[in-house]
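Order as written gives the chain letters A, B, C and D; numbering starts at 1 within each chain.
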Amino acid sequence: MNTSRLEAFSDGVIAIIITIMVLELKVPRGETFGALLPLIPVFLSYVLSFIYVGIYWNNHHHMLHACEQVTGPILWANLYFLFWLSLFPVTTAWVGENHAVAAPSALYGAVLLMAAIAYWILQQVIIGSQGEGSVLRRAVGSDWKGKISPALYVAGIAAAFWFPWLAQALYLLVAVLWFIPDRRIENTLVQHKA
Amino acid sequence: MNTSRLEAFSDGVIAIIITIMVLELKVPRGETFGALLPLIPVFLSYVLSFIYVGIYWNNHHHMLHACEQVTGPILWANLYFLFWLSLFPVTTAWVGENHAVAAPSALYGAVLLMAAIAYWILQQVIIGSQGEGSVLRRAVGSDWKGKISPALYVAGIAAAFWFPWLAQALYLLVAVLWFIPDRRIENTLVQHKA
Amino acid sequence: MNTSRLEAFSDGVIAIIITIMVLELKVPRGETFGALLPLIPVFLSYVLSFIYVGIYWNNHHHMLHACEQVTGPILWANLYFLFWLSLFPVTTAWVGENHAVAAPSALYGAVLLMAAIAYWILQQVIIGSQGEGSVLRRAVGSDWKGKISPALYVAGIAAAFWFPWLAQALYLLVAVLWFIPDRRIENTLVQHKA
Amino acid sequence: MNTSRLEAFSDGVIAIIITIMVLELKVPRGETFGALLPLIPVFLSYVLSFIYVGIYWNNHHHMLHACEQVTGPILWANLYFLFWLSLFPVTTAWVGENHAVAAPSALYGAVLLMAAIAYWILQQVIIGSQGEGSVLRRAVGSDWKGKISPALYVAGIAAAFWFPWLAQALYLLVAVLWFIPDRRIENTLVQHKA
């Protein structure tokens, strides 16, 4: 069983998640530019979540390129990852409507953390299925981003109770870390195929 | 006519069903963790339905792997199966808003039952199209899970009128039964191709 | 340019249309079976529209199998067809909330008529692109279903003003006509490839 | 890494955008044809946006045909383009509910402008990735439509403050310009492959 249908299904779910987040951007009430003001925090949290989902889509895309065969545990680890991604729209909307408030900021970070853990589990399940000499293990290497991100999310969740803006700055920092291109998987694959 | 477009369309519909279920998780009213409390039953029924849709997606994925050619009746049996899956979001939301109540619990089970029957019909239509020596028939074997599930759903529907929580426990039991990996189709396919 | 991306995009749009129609099945207000009663007409119009979209998906699937090359006009004729399909959810919901009423029944039929015309245009554009000896022209043959359907829709629209239920019976009749399997395209393709 | 998964994901997002725009066409309140009157401007703005998304889909389709290899920057430029497309539903709904009003007309144009810029960036990133002798650069040629469109959008945004209908006429004019078939990319690809 190859990865094509797994990719197609994941793409479908991720495409829908990224698009329904925009449904929280309600049509402004009023016909002036002033009517847009209350939408600004909702818009900003949409932008941040869009970037997060985009990063996950890119990384997922690369990771599945390093996966030759799909097993039952990979299917379920992938669904578990999609489950946590599917909660992004609701936590994004909550934090968008209540910016700089403890509970929404903490919950937003908790869902980010769970998605990161689920992504890590999926990565480990694929590595496990590849046995020794796993291409993905070499591609991932020391995985410092994968290790530092959960720590930053936990710091963000803790910070949310005192300084919600700091929490959001930390979440943004993780996004920036991942956004900076990382050619590990690409390079390892190129070497592997050469 | 091969199965690729049928898979793509089914994946699209299933991806959308799994994602619109999450739309029932409304943005909490309020900015405290307390505002999350009323969402807990909705969240739990989302989790159960997510697992159900995930199980169906996995099984559908395997079943279509054992199907070489798509006929008109297969297309319609597949649409009939997707029809019942498409009712999961509304019954999930109803049971989520009214947990431990007779009618929503019974209706939830009835839709699960109809989806199971539709899945069984699709399986029979594919087996029928393959004639004697059907790969799928051998793969499915005695199909004890397929036989016991409808009985458990019927028991759940009956239980819903007196003990709604028992109904939900029975539905969960069926999910657990299916979740436990089942290598029949994979093994038969491997043998068939060897 | 081959048909694969056109199929994928059309499948995506049709999958979403078929799924968002179910969003009109609102969560029942109340926790008894009685709360389901007001949903019955909405449910029935959902079933009818689901069948219609299913028929179109099947036929579209077959038609594109008889299309070897995608041209600019085919892309636009396909989008025009998807445009009319995209109006099914709103007319379905209107007729579901106002069953046996003139205007919704007539509008429902008008959108069905426009979709049928758009489908016919797409078919003609593909035939035109294939030049003489078009596989699709031979496959379609006399196309009596394609000719009688618009007449029945027009009759239904007219009937809607006096006997809305008759209108809906006529729309159902067209669905039944198309639902009965039609092996023209499949057979012609088989002959063509042999 | 080839373009197939990028196409599939983009198709998914675009299919969803085109379909959720129709969700703004709310079910008419009332059961007469008169109930449809308030929907006319919403319908017209839906038609215009549908055409826009259709044009972008067609062009995107052609552009990716001229792209042999997907790089990290292409993935992000594509997501950036999809981000702006994802704002079409909300600006379409706002302009549909407030036709001939300054702010919604200007914002609608601004999002069109940003999408055009994002599309241009994506085009430049692909050209850059192809190095000298880029197929896409030759295909795009002088790109007069790509150059005149932003100017017309800016004119439309400015006009929105005094003559909102003129703004919408200008946006329509750009759509018409792009709708007129343009065989540059197709021709260049045909020559390139010959």
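FYI, a contact is a pair of C-beta atoms (placed from the backbone, for glycine too) under 8 Å apart; a residue touches a chain by one contact, two chains touch by 3 or more.
Every value quoted in this text rests on a predicted model; they were computed, and no experiment measured them.
For subunit A, the chain with the farthest CA centroid is C. Two copies of one chain, subunit A and subunit B, form a contact in which under half of the residue numbers belong to both partners.
Measuring from the averaged C-alpha position of subunit C to that of subunit D gives a distance of 27 Å. Subunit D has its Cα centroid 38 Å from the Cα centroid of subunit B. Shared contact sites, meaning residues of subunit C that touch two or more other chains, fall at 8, 12, 15-16, 20.
Against subunit B, the residues of subunit C that register as touching in their complex are 7-8, 11-12, 14-16, 18-20, 22-23, 25-28, 31-33, 35-36, 47, 50, 54, 57-58, 61, 65, 179, 181, 183, 186. Taken together, the subunit C residues at the contact with subunit D in this complex read 1, 5, 8-9, 12-13, 15-17, 20, 24, 72-73, 75-76, 79, 82-83, 86-87, 89-90, 93-94, 97-98, 101-104, 107.
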